[in-house]
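Following: one structure in structure tokens, then a few remarks.
Which chain is which? They are A, B, C, D and E, in the order written, and residues in each are numbered from 1.
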Amino acid sequence: MTKPMTTDVNATNRPAAGHRLVRRRGRQLRERFIEGLLFLAAASSVAITFAIVAILVSESLPLFKEVSLLDFLTDRQWTPLFDDAHFGIMTLIAGTATTTAVALLVAIPLGTVIAIYLSEFASHRLRETVKPILELLGAVPTVVFGYFALLVVTPLLQKIYPDLPGFNMLSAGLVMGVMIIPYVSSVSEDAMRAVPMHLREGSYAMGATRLQTAIRVVMPAAFSGLAAAYILGISRAVGETMIVAIAAGMQPNFTLNPLEPAATISAFIVQVCLGDLPHDSLGYKTIFAAGLTLMLFTLVFNILGYWLRKRFREIY
Amino acid sequence: RAEEKIVKIDGSSTVYPITEAVAEEFQTAKRGAIRVTVGISGTGGGFKKFCRGEIDLTGASRPILKKEMDACREAGIQYVELPVAYDALTVVVNPKNDWLKSITVDELKKIWEPGAQQNVTKWNQVNPAWPDQALKLFGPGADSGTFDYFTEAVVGKAKSSRGDYTASEDDNVLVKGVTMDKGALGYFGYAYYAENSQKLRAVPVVPAAGKPAVAPSPETVKNGSYQPLSRPVFIYVNAKSLDKPEVREFVDFYLNQAPQLVAAVKYVALPEQAYQLAKEHVAKKKLGTGFGGESEVGVSVEELLQREGKL
Amino acid sequence: MVELATNIFDAPGSEPATAALKAESRHLNFHYGAFHALKDISLPVHDHSITALIGPSGCGKSTFLRCFNRMHDLYPGNRYQGEIVLYPDNVDILAPSVDPIEVRMRISMVFQKPNPFPKSIFENVAYGLKVRGITQRDLVETKVEQALRGAALWNEVKDRLNELAGNLSGGQQQRLCIARALAIDPELILFDEPTSALDPIATASIEELMLELKEQVAILIVTHNMQQAARVSDHTAFLYMGEVIEFNDTKKLFTMPDKKQTEDYITGRFG
Amino acid sequence: MVELATNIFDAPGSEPATAALKAESRHLNFHYGAFHALKDISLPVHDHSITALIGPSGCGKSTFLRCFNRMHDLYPGNRYQGEIVLYPDNVDILAPSVDPIEVRMRISMVFQKPNPFPKSIFENVAYGLKVRGITQRDLVETKVEQALRGAALWNEVKDRLNELAGNLSGGQQQRLCIARALAIDPELILFDEPTSALDPIATASIEELMLELKEQVAILIVTHNMQQAARVSDHTAFLYMGEVIEFNDTKKLFTMPDKKQTEDYITGRFG
Amino acid sequence: MTPAPTADLRKLIARHRLWERVFTIVGLIALLIGLLVLLGLFTQLAVTGAPRLTPEFFTSFPSRIAEKAGILSAWVGSLLVMLVTACSAIPLGVAAGVYLEEYAPKNWLTAIIEINVMNLAGVPSIIYGLLALGLFVYQFGFGQSILSAGLTLALLILPIVIVATREALRAVPGIIREAAYALGATRWQMVSHHVVPYSAGGILTGVIIGLSRAIGETAPIITIGALTFIAFLPTPPVTGEFPFLSFQWLKDPFTVLPIQMFNWTSRPEEAFQLNAAAAGVVLLVMTLAMNALAIWLRYRIRRKIKW
């Protein structure tokens, strides 16, 4: 806020200090104090990140003393716990990327269609009942989803495609996608509903149908909200653990083929965390390096998302 | 309020069912006067807490390793190592598998050794008598004590294994995997086979050339004929905690009740004599591990208990 | 003293209009749920001329206007009675058998607040064409240029057709909305207080535009600004509490109103 | 023909005002970022009288009004120059040493759209007192009643003070906002087009109210409705493009404007 | 100006209408996929777990005998952990949201915080567990307690609460803010008296999504040391003696429902699978109840608020 700048041209015998309008110190101090507190709350998220990064970096340093960064990034095998240890993180990243991609291929179209349907087509009552029910999908313990993928979805898929292995990224990804639907649909529905009515009216007045209005006007106008929803969905998919751990086979395969089994970063981390490894061993340290990599990846995604949202934010 | 009497236990999820059973019975017996808590942080997580002095006992599916011994020494934690049961690693196949009547350790090695990765993908590549069927492998994750033991016993070197198999910490997942695939072969703890013996078939193992194949069962494990795949699981007791009457009482109760409770949760109890020896160790507070920071295959529990303890 | 209303009829919009009817509302009643907003309104809309609706806030001007392109269909609970007949077809556009989309394709509307879509200038104008399935690039380009010229905006934007419409000034945005409405060759254009959000210069240019447009189409305009009504329209209707108090030639209505209420309103005794 | 402006000065608000100054802007300039919205405005605000600001949309009326309670401080990039002196203190309320909150406690404002808080009627009126730390229940109750009586709303709401303010009609809501502004005993009340969202009856009652209020306080009102300015104000300033074109007694300004531009505007040649 | 050939226009409109109908069906199908999966999962759990859903299941401690095992310590633990989570994540998240929306100047620092908040949403939950183990359990000395677990989950859902809070605050119209300022309110008064209460509905949505996420988490809680077998309850928060309130329970060991479930699913005995399913049903119903409460609260708040 700019301080008012007064060019005191003809300041005639103006009372200097102590008049009734002067700033109150007590109130100002209190306001500053509260602002400080709120700032601390907001900054706490940064502090958390720093703490996480600090832990990840310090714990993974011993690993990088033994494994060169080049190997870490270029080796195509990830067998840190085996006798013949390889530390090719790209293997896990490929798994993470594939399951995430499959999940998003489910969640983004379905979530978006649901959002459009709820915001532009459905009645108020339907929307208000369905939305919270759908949000329950996000609350189902992921172990349940994992078994659902393994015991229901995989056999179904095998009926269609008999060569599908019992553990594969496809069914894990599909189920993960369903789990993420509410993240995408709820947040984008909110964003679409926030698009002011006069924009819609402008489109209807041109003779557009609901669908045309939704796709051509409402969605572009809600772009930043949709982007936020998608990013939230991506983040959730990238970080998801149990579904993949149960249904995708936990095989560190360097492959982008969703029909094969693979392991992801987060699944690897949780597995090792609860396993029998000594916590001081090099093998155990790999989870921190993997976590760090994951964090860097999501960071890149988020910066990209932030930039995109800023660039395409529509003012209506 | 009065000083809480509480026994804190953590560690391997393999040992957990036994410890849980003991804890439950113990609390009932004491009418709640002593409280017991059991966690499942894994053997590694358990030792980490144990060596920080946060818990009184930790369950371990493998012996304490060098690094953990160092950590404990640094923190001044001394401990008593007590084997409490056998876990027989069971090699299982799909019931539809009609060719595998028994398997030799060599064949297992051919299947699981690191060199087999990408190379041995068909049954007939292991043994020409077996069909030209895709070989699908299932086993515990490389972070587990089971994996360490199996690789050491079969391949000859701990942690030396092929990587292209379906790994899971949850043995039920492995059970599901093997039941879903005719060409599957997997290994995991005996309890999971025992509970699913209709859906799976355990394969008798030939320990060495010329010896008869032995199927896993409580008897064959107990009498030492199921080799090399039966291993002991342990609890480690903090020596200082052992001075607390409630911990001492609990450990005694553990060793006394073990034969019944271990069987009840589908593990294999040690020979009676082994429990006697263990009780003596507790009484004498015999400190240290019998392994010296390395895991070993094929040691008998009795022999182990005779060894000099290292800290 | 200045006579407020003496010289406002020198404006170019004041030739008496004698054109044929473009549309006509007959005994139109409208309800927002339980609220009876329009009461038995019968009003003609002449072709090639500008018809203004004036009246105090809340009298139902916008409500009436929005009946013409069935905008009220978008919200639940609204109810029409009576009819609005569109000529030369002589169909009642409120009849259930009539598709509101078709109505809207023939009657376009410009809103109070400029509401360009968050798209490029070009896409905004081409939107109506796209909706009609017209996709040949050159045809669309011709039409867009025509419409922008029609809305007196072409020279200002021809070099930045791909810029976002949101970057235009308020007046330009409103003209863009007019261009958008023009591009689909409407037969009747509805304006709902099109200049109330604009500065005087932009207002003047839009008024001029309307006077040009009426050569080709019929125009129905709502305004809260009596001066504006006097300046641009050929016919004026004074609405009050959902009823038409008076409808007349603009000149007549502003100089010799038949009704006392009209006189009170235009002389500023209320409103 | 009807002479639009002949009889509007029979209204009660037209006694010439001779009161002392309540406030005065001196060489006030205001910038929205790079946009120079107010240009060297010097205007007096007399006590116990109503000063109206008229001018076409976008000329800076609201901007000027909002300088008086430092509303612009809320947004970044705004810049004041010059001063607004408040009497009798003779303090420049734009001075950096002055606390905008103190200013706002003495100068209250009523907005264009009624904006009651979504709380009870009572809480709405009592809010200004709460902010000042006045919590004695009986004192607050007295003040609330006083303010509601002052806003001519007491009889309508006295039995439902705990109802939500949102349930009131538009006109009642606006009077509630006036009561809210009155409750803190302001010395000057700013009205920014207070009736533009209201129907004629509500408008009339609020105009009446303002005429009563000016017995106690100074009033500065922005209106786009010239009739309203003529009806209620004692002094009128005509703004155009951020400048004061003319300031005068209302009667004088509407009957014998000094400037050609003023005449053009009030006779409807632009706007 | 000639009207477009009406027949062509009609055909076009008919085509558009057809597309619209197709989309309506697609939309319904998409919705149904989501709902049916949910329904399928729920019924599967409910049918499997039905034999275990007896009153004793809620009042018994874990046991090695599946039929005798219950979830008393688990549901009490879940409830208490959620209490801590809600009590810490809501104030912190709302405060952060308020700062970012109402106070923060638009500069690089705010941009960093903003990106950072979104980024935290994607950190795998187990990493929060590792962080909390170092920070809460050891550094702050909270031990392996309800407090540590609650705070860990609070960190986990903080981004969700912040994002939802910001969206909700944004929906409060500017004129309400100006009205408060015009009456002499300070910024904090404006925020605390008006903006936050009026956006409570939207904030609640975020809180609920967040708590739903937290209540089902397993991995981070295991890392910080939740127990699996615990046959006693935390100290009751209300005591018979002065001062009648006790915070001892914050430091008590605990377990939570998803851990109990996790443990049961990995047991070899089939009978435990029933327990796991039953626990899953309880978990879902608890979440549903929590959601229902929030939806009701949100409805009540929104009913009062008209702009």
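Just so we're on the same page, a contact is a pair of C-beta atoms (placed from the backbone, for glycine too) under 8 Å apart; a residue touches a chain by one contact, two chains touch by 3 or more.
No experiment lies behind these values; they were computed from the predicted model shown.
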item	value
Each chain counted as touching subunit B and subunit C at once	A, E
Other chains in touch with both subunit B and subunit D	A, E
Greatest separation from subunit D - chain, by CA centre	B
Comparison of C-E and A-C by number of C-beta pairs in contact, larger one	A-C
Inter-chain centre distance, subunit C versus subunit D - centres from mean C-alpha coordinates, in Å	33
Centroid spacing, where centroids are CA-atom means, of subunit A and subunit B in whole angstrom	39
Between subunit D and subunit E, centroid-to-centroid distance (C-alpha), Å	47
Rounded Å distance between subunit B and subunit E, as computed from the means of their C-alpha atoms	38
Residues of subunit D touching at least two other chains	74, 76, 101-102
In subunit A, residues with contacts to at least two other chains	27, 209, 212, 273-274
In subunit E, residues with contacts to at least two other chains	16-17, 186, 222-223, 265
Subunit A residues touching subunit E - in the complex, by the definition given at the top	27, 30-31, 34-35, 37-39, 41-46, 48-49, 51-52, 55-56, 109-110, 113-114, 116-118, 121-122, 130, 132-145, 147-148, 152, 178, 181-182, 185-186, 190, 194, 209-212, 228, 231-232, 234-236, 238-242, 265-266, 269-270, 273-274, 288, 291, 294-295, 298-299, 301-303, 305-306
Of all residues in subunit A, those that touch subunit B in their complex	77-79, 81-84, 150-151, 154-155, 165-167, 245-246, 249-253, 261, 263, 271-281, 283-284
Subunit C to subunit A touching residues, read off their complex	69, 71, 74, 76, 101-102, 104-105, 108-109, 111, 113, 115-119, 127-128, 130-132, 164, 166, 177, 180-181, 184
Contact footprint of subunit C on subunit E as seen in their complex	1-4, 6, 9-10, 12-13, 15-17
Residue ranges of subunit E touching subunit D (in the complex, touch as defined)	105-106, 173, 175-186, 189, 193-194, 198, 304-307
